[in-house]
Every structure is written in structure tokens, then in C-alpha cells.
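The letters A, B, C and D name the chains in turn, as written, and every chain counts its residues from 1.
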Amino acid sequence: MLSPTDERAQAEFEPTIVAFLCNWCSYAGADLAGTQRLTYPANVRVIRVMCSGRVDPGYVLQCLLQGADGVLVSGCHHGDCHYVCGNRIAERRVTVMRRLLEFVGVEPGRVRLTWVSGAEGRRFARVIDDVVRDIKALGPFHGFERRAS
Amino acid sequence: MTRMANPYVPRRARIESIRDECGGPRPVRTFRLAWADEPTAPFDFLPGQCVELSVIGVGEIFLSIASAAEDGDRLELSVMRVGRVTSALHALEEGEIVGLRGPYGNGFPVAGWHGSNFVLIGGGIGQAPLRSLLHHVLAHRDDYGRIQVFHGARSPEAMIYRDELEAQAASTDLDVYLTIDWKMGDDGPLDEDAREGWPRVALDDPVTTEVAPGQFRFTGFVPQVVDAVSPSCGDTIAVTCGPPVMIGLAVQSLERLGFRPEQIYTTLERRMKCGIGLCGRCNLGPQFVCTDGPVFSQQQLLALPEAFA
Amino acid sequence: MKAVIAREDVGRLLAIAARRDELHVPVLDGGGGRFVPLNAEDPVPRDGLMLNGSSARRPPKEVLFAQTAPLFAFELRRGDFSIDELPPEAATKVLFGVRPCDGRGFRVLDSLLLGKCGTDPAYASARQGSVLVGIGCGRPGSDCFCTSVGGDPHGTDGLDVLATDLGDALHLESLTDGGEGWLRAIAAAVDSPLTPANPETDQRCREAHEEARGRVPRHVDLEPLDAVLERAFDDELWDDLAAACIGCGACTFLCPTCRCFDVQDEVRGDRGLRVRVWDSCMFREYTQEAGGHNPRPRRGMRWRNRFYDKFRWGAHDGQPACVGCGRCITHCPSGVDLIDLVERVVESGGAA
Amino acid sequence: MSVPAALDRHLRDLLSSGQVRCVLGPAAGCGPRGTAHLARTPEAVDRFELSPLACANVLVHLTSEEARRDDARRPVAVLARPCETRMLNQLLSERAIERDELHVVGLGGCRGVIDSRKLRERLPELRGFPEVREEGDTFVIEGEGMEPVSVPRNELLLDRCSGCDISEPLFHDHTFPLADAAPTSAAEAECAPEPSDEGWDYWADQFERCIRCYACRDACPLCYCEDCVLDRLRPMWVPRSVSLKNNTAYQLIRVLHLSGRCTACGECEQACPVDLPLLTLARKMEQEMRELYGARSGFDPEGRHPMSVFDPNDPEGTDFEEQGR
């Protein structure tokens, strides 16, 4: 059971989330969300990559090691990848990464994958809403340190 | 318990000025440093001694000092950009602060060299410790005899201290011989015209090269120029520093000229970490380059394993 | 001072020792054993305490010479920095259950880290006042060869107190002033379980020592080695000897006398630490220069360096820097046997 | 002689005829463990040892920096157990080695090898490299100065061997039977238990013990990069400091770089001087690759890395659509 202090800490917890957005779709989607003046939580630090397939699972791991509570990888919808199939490769890599993390006791929900096109500003905002909500629910990540007993 | 001084902690030093020595893929810059905190008393050190220079947050490197204590209260370090720390150092600007500790190593045994002549043979960045020695010797000019300086680089553009050495060449007090590498083809040096103003040494038999009076520029490898000039070994100390291959060949040339192992000195380089004989990696057999060296006589090196590796 | 303690009272002794000083004991940890701190409030581990049988796989050197130790802290500012020196460790460290080979290992470490050139302050402060309570090896491990390198299963060199296992009891004897002080303090504690030694226990002690000496399983004759090493350096044999080596650092990290380290800056934001971390001469990067040159490019050369360092260059007080603990043999991932190699080197005769 | 006569002759012929530049295979190491042996001359063939105790994975020496120094193009002969031919296939698919650089001497009828640690624990008094005979479902161990001891096979088998489903080489240039084909008993053919999900506290206990000696990486035949990211200083993917966090980073990066390539040979775990359960991680990843993408490393020398291809029927990797908006 959470003590009152813990509950407050949890309520105030603002996760740090790193989002790798592909240049051609998701980054444009984020841009559109901005120009449409859509509001979404400010917990996300965006890193623009040329393709979601460029995101090495090692990058995801580095984010978690260096203090992120969650990582989002977002690329083009199936069939829309600027590089034909980079997003499908990303799908495999992120999936495997999640399975590995889960095996060593990290909630797989801390690593998320989604597809957002350049026309989907509204969807981008919703994705961020969802991710932030879910990672808030998971609480702060232990950063591969011992959990205080 | 008395608390001992932590030997790993550097002092703050300010970069007073930065001078570009050469460009290219491995540029060299000379950093002029002064203590940033009291006491600002000058470093006392022997030519050939070293310091540990820190770019805090990146790392620390062991460097030969390129100036002499007699140059005043500023310390000069010439650094080639080759790795992580040297790249970070090259990115710094005048006025910024670095960490400095030392001096370390034995330095050249100059006190025992009074009255000697000198043959200094340097290649590339290996000229830095020789510059320290040269500045020291020039500051005590009357204590020493004839000085011959050989210095080589890949090209005139890649030659460090060129202006300084050419100015010294113009003086009558010391003999300077500058050389640039042969242009290389698949089968060795190309026998095409050397760069203008840098006449070739005789490729097959450098000793037959005619050296015009006052000539100080050559095309040829450093040991070949030594062969061409053929310095005398009488009462002479030869000091060489540079790439291992160059040192090896220069020593051979010196031996042909009659230099004995105890007349030939080298300052060595190894990968270093602590600089104070603790971390273990710079060993030549039972000795450490950082504390027992970096200056060794050829006589000492002959008895040490891996000295020529 | 000599004293005896019943085996079932060892826990009480450790509890007293832990109240006085920072106490480290060898325990099985799922990885073959290592020294861990024992707090006075902690229950003394019963099954896991490694006082009989084999030595802890990780030698106690890491207690006094930590694998990772900060040298200082720093804070970066624009084009500048400040340095915070870290306070030295103040607590007196007592290591209970040090094997005689590991005790001798500290003598080698002392000569290297408190040496003529410089002193490592972290090691010096951890070592200052430290008390090494040794325990003799009644049953030496499968690759032990301490008697071949000048040691003994009950050797006293480097230890402050030596415990001898008498089966139902431990016989404790102080060897240095530090050990004497510690043992007296334990004896003086209100609930001390120590009883005085007597001629009978002394006699059993001598017998145990004699018996253990005969149980050291492996032997190697080092007598001819030095003469061979004198001329074997440039022999081609080293590449052959190192053929099965995979170039990892297991042998050096488990060695009670290896101390090589790397120094790295580790930064997070504008704060960081300069740390000292164990390194291994078996790694290629160990001597790799930034400019690309490597004076020891081949595994055979790196092997040769370790071999010479253990048996020739690192020699200390006329003894090799190898203390014969056998860890590098038992735990070599590729089954390389140091003793076998010594014999092969000797056999080669250094016929360069 | 520790190698059957026909095999011994074959190896000597290979070397004396100059068909191969050397033979790589297992030999007796120190104590009850195997080591790798490289025979360059016919006489050196004597040292090979095919006992179930000589189980060092010798293939790491094919791809090591040292092996590549030898630039002669004549093939290397390899004594390979069936699981090792699987590793060879994987190396071929990655073009870490070319087929014409290899002469594979497959060892057929493999019934598994002995974990020297288990043997040591079972018989702590054992000294030297013992003789091992297989009698039905037991190993008979005969050590120096001790009576022969029978131990049930399943108590000594290497973890990687229980549940192994390849008892014959996947490919070979020559093959020799290790023993008269004795079918493995049903109990042994049972699959190893599935890696269980132990949670972070368990793995923290494990990774915290890692001493970062790099033995797991250096023992791995698939870790052959000349410039390993784990050694890099710029950028420093894993700080040198030994701590739970950095050790975890080290192990996870290692595992990630092997995912889809690892054949779960278990050499990492065998090499680990502090007994980290690294085969568990390897097995888990192998199982995931099979479940998710039907990918099994080392069965197709032309196969592509499952992390660099995709299949239209891949399981959906995103979980946003399900949340019904």
C-alpha cells in the first residue's frame, strides 16, 4: 500500500520520455500537431531520426540508462515508409527489445512503438497523451539501479 | 590519520594562447598555459619532463613539455589531434581552463652534458621534447658546444615549429636541417622532382649527397639527411624522438657515424594513465616509462624488453 | 597472543569484531564467493561463510583496492571546472578469513601501490590500520600451488592474525602489533568467546600445518625458470603458449596481486567523477595508443608480459609476484594452465 | 590415443598433404576442463581429445583477432560437434568466414558433453583430466588415484546439451562417429525448462556480481568485431565503472547484439568466472526469435539476420490500435 507521501509523489510524477520520430511521417505529424495548436503533455523530448528503422535498440537502452522513464519510437504507417520497409525492421527491433526488457524485469510498456503519418497531428497528440498516461501509471523507472527496499 | 595529498588531483591552468603548428588530418597546436590559482610560481622542470594534462570530463593525457623552464613562467605543450582527449583539447579556446599535474618523468640529464655538442633528431610531433631541450641549451648557450638540429615532417605544411626552426637556421649559432618525406609510390620513394626549394638527398646512397653550405632544406627521410650531413660523434650527445621506425633508423645512422650507445638518448612514448608508476601499463620490463623514463639512453634500452616495440 | 575459539562460537566472534570495526568476511554468493561487509546487526551467515574448504573465488584485494574507485569529483562550468576531493575512508577495515596466499598478495600490492614512485591514496587509506585475519587452508583447492612459490597453506607473510582450523575449534595467533591489538580487544570484550591456547592446542596446530602442507595438490619447480626467462623473451614460443587464450581479463581480475588500472572521466550533466577502474594487461586496448600504434599487438605478447611480470619483473623479496592461489587456472574460461605453461617455458629452455 | 584411429589418420593426411593449414579442435585442458588446440603439424594431432569432458567451444579461435592474423588462404580444418556445425553455419551466413576457408570434420552421434563445473562439484577430490567412459545412462569417471565413479548422465551434462535436438552434423566435409549411435533416452530428450521470468530483483543480484572481465564476449565465436562497441571510449556506450547499472548495460548490449544470431551454445556461461546465468538470457532470446519470427540461427548458411528483414505476417509490434479510439 502506498503511504500518503508515496501517493503524492506518484501524483506529482512527471515522467521523462524520449521520442524517436522519423523525419518523413511522425516528425511531420508532431509539427502538424504544433501548427494546429493541439495540446499534449510536455514530457516528451523529441529526437528526429531519418527513419524509425534507424533506431538501434541500444539507443532505447541508453535512454533508459540515462534517466528516461519511457521511450517512444514512431515511424510511418505500414507501406508508407520512405525507405520502403524501415518501419517494419523497427517493428522487429523494438519488439525484441521489449521482450528482453520484460525478461529482466522492466515493464515492456516503457518502450512504445507507433505509427503516425504527416497528416495525423491529432493522432500524434493522442499518442503522446496515451504514452504519458501509461508511463505515469508505471511510475518512475528505476534506471537499472537497486530498488530501495 | 594524516591526510595525504591526492596525487591524481590536477591544478587549474589557463590557456593563455593557442598557436596552430600545422594542419592536415592530424593537426598540431601549441597551447601556452599559466596557473589559474595561487601560487602561480613557475613550474620547475627539466627539459624532457612531462605533465598530465586534463580536459576535465573527457580525460587526461601524458605529454612531453615543449618549452623550457628558462622560457619564463608559461608552459607550452604541443598536441597532435589523434584521440578523444586531444580532440577535446583542440576544441578549447584561449582563456579556458584545463587541469595540469606534474612534472613527471626523469627528463634529460643536462647537468652531465655540460661541454657537449648536440645532434637532435626529431620527426613530427617527436620534436616537442627536443624543442624543450633546445630552448634549455640555448638559454645556457655557453655551457654547450656545437648544436645540429634535424627535423622531419611529411610535408612543409605538416612541419611543426617551422618558422622558429627556420629563424634559428638563419642564425649562425646552430645548424638546422629540415626535411620532408619522399613522395611515395607503390615501390617506394618516387624519383621525381622534389618540392621546389627542398632538394633531394641521394636516394641510394644518402652519404654521397652534396650539402651546399647553408643548405637547410631537404627531401628525404630524417635518417637519410643525418647520413648526408654526417655529424661528428666526438664529445657529442645525440637525442632522437619520433615515430618508432624513424628512431630505429636514426640510431642505426648514428652508430654508423661512430656514436656509442651511451651517447644516444631517446624519449619514449607509451599509452599512459596515472603518470606516477601505479597503473602498470607503460612498463618496459620492470621499468615504467612514466617514472623511470621517458628519457632513456640507447645503452639502457638495449637491456630493456619491448623498448623498440 | 594465542587463543582458541570453539567453532560454533565463530559467529559470536564475528559479531564482536563487526561492532568494533568495518568487518569483511568471505561468503558464498552464487558466484563462487567473495568478501562482503558484515554489519554488527546482520546475522552472521552460517552456510555461506567460507571458512572451511576452498577460498573465495574473488580474492579479498577488492576490499582494499576496489575495482572501481573515484579519484575525485568535479563540476564543469563553461570553459572551467572545480574539483572536489573526496574524503578518505576513515573506518578501520578488518578482513576475517583471508587465505595465506591472499595475505601474501597484499604484500605484493603494497609494494606496487605504496611504492617508490607514488602512492595510491585510496589504497593507502584503506590499508592504514587494516587487520588481516588469515585462515589456513586445511584442504587446499584443486589448483593450489602456494608451496611452489614460497608460500604455505598456513603461511603468515602479510597476515596480522592466523587462524588454524582444528576441526571443532579455531586456533588464533597474532603475528603483528596490529593483530595483537585486535585479538586482545576481542578477548577483552565482555562476551568474548575466546579461551587461552594451551600446549595441546599448540601441538594440534602444528600437526594441522604439517598435514596441510602435504595436501597442496600441485607443484612446479621454479628453480630453472629465471635462467630461462633471462633469454626467452624473444622466443617464438609465446604465441604458441597463448594459442588457446581468448584474451579476456578473468585471470587478472581474479588474481590477488594484479593491480593494473584505467582512469576514466564519467560525466552526467555538469557533474562527474574521475574514476580508477581495474584494467587488464590481457586486453588489446591496454597498450593501444590513440595514434594507432600498439607495442603489444598480439596475444602472445600480452601473455608474455603477464608471465614475466608474475615470475620475473614483479619479484618481490626474492619471491615471484604469483602467490600460487590457482584461481587463474581453475577459472580460466579456455582451460589454460599456468603451471603447464611454466613447465613448457622451462622445457623450451629459452632457445631463442 | 584420444582420437579414433581413422580420424587420426584423416587429420594427419590433411596436414601432411597441405590441404589444410591447421586443425582446430578440443584437447584436455587443466583439471577436468577442455581447451582448444591448434595442430599445425601431423605430430600435434596427438593432443586432440574427444572425451565428453573436452568440450571447449573451439570456434572462437576461428574468428578471433589472432586467427585472422594468419592470412594464408588455405582452409582450416575444424573438429566440430553437431552444435558447432550450427555455429559454423551462422558464421557462414554472416560471412565471418568463407566456406572454402573451412574443412569441416563433423563428429556424429553426439550425446552431449560434460559440464566441468558440475563434475567438479560432484567430485571435488578429482585431480587432473580424468578418463570418461559412457555406459548407458551413466558416465564412468576414472581420475588419478581414485576408484572409477559412475554418475548419471543428466547430472553432468552441460545445460546446453539437455534438450538439444541435433545429434548429427548439419554439414561436413568428412564425418566420423563419436560413438556407436546410442539413442538418447527419453528423459534426456526432454526440453530444458523454459527460461522463467525472474524479475529485476533476480537479475540485479546477478548483474551486480559481474566483474566485467569480458570473458563472456571473448569466448563467443559470434563476437568477432575488431572494434567492439563495448570497448569504445567515444562514444562510451558503457562506462568503465563497474556498477549494477553499467554491468546491466554491458550484458544487455551484448545480448542485443547477439539476438537473432546467438545459437545458445552457452560458451558465455561456461566462460563466466563468477557463474552468471548467461545461457538463460541467450536461450530466452533464441526462444523469442523462434516464437516471433520463426527464425533459428545457424540452420541456413544463406540465411539473413532476422533483425534486418521482415515478413508481412510479423506480429503487430504496436499496441495503440487496440486501445479503441
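Simple rule for what comes next: contacts are C-beta pairs under 8 Å (C-beta built on N, C-alpha and C of every residue); 3 or more make two chains touch, one makes a residue touch a chain.
A quick note: this is a predicted structure, and the numbers were derived from the prediction, not measured.
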* Compute per-chain Cα centres, compare each with the mean of all protein Cα atoms, and return the closest chain. => C
* When the contacting C-beta pairs are counted for C-D and for A-D, which pair yields the higher total? -> C-D
* Asked: How far is the middle of chain C from the middle of chain D, if each middle is the mean of its Cα atoms, in Å?
  -> 31
* **CA centroid of chain A to CA centroid of chain D, Å** => 36
* Cα-centroid distance, chain A relative to chain B, in whole angstrom -> 53
* Structure fact -> dist(centroid_CA(chain A), centroid_CA(chain C)) in Å evaluates to 47
* **Contacts with 2+ other chains: residues of chain D** => 233
* Asked: Where in chain A do residues touch two or more other chains at once?
  -> none
* Asked: So which bits of chain C are touching at least two other chains?
  -> 262, 264
* Structure fact -> Within their complex, chain B touches chain C through residues 1, 3-10, 12, 26, 56-60, 80, 82-86, 92-93, 95-97, 99, 244, 269-271, 273-274, 276-281, 283, 285-286, 288, 290-291, 305-306, 309
* Structure fact -> Per the touch rule above, chain D residues touching chain A in the complex are 195, 197-204, 208, 229, 237, 244-245, 248-249, 252-253, 255-256, 259-260, 281, 284-285, 288-289, 292-293, 306-310, 314-320, 323, 325
* To do: Could you pull out which chain C residues touch chain D in their complex?
  => 29-32, 34, 57-58, 67-68, 142-143, 217, 242-244, 246-250, 252-254, 262, 264, 266, 275, 277-278, 280, 283-285, 298-299, 329-337, 339-340
* Any idea which chain A residues touch chain D in the complex? -> 57-58, 61-62, 65, 85, 88-97, 99-100, 102-106, 112-115, 126-127, 130, 142-147
* Would you pull the chain D residues touching chain C in the complex into a rising list? => 29-31, 33-38, 56, 60-61, 64-66, 69, 120, 124, 126-127, 205-206, 209, 211-215, 217-219, 231, 233, 236, 239-243, 270-276
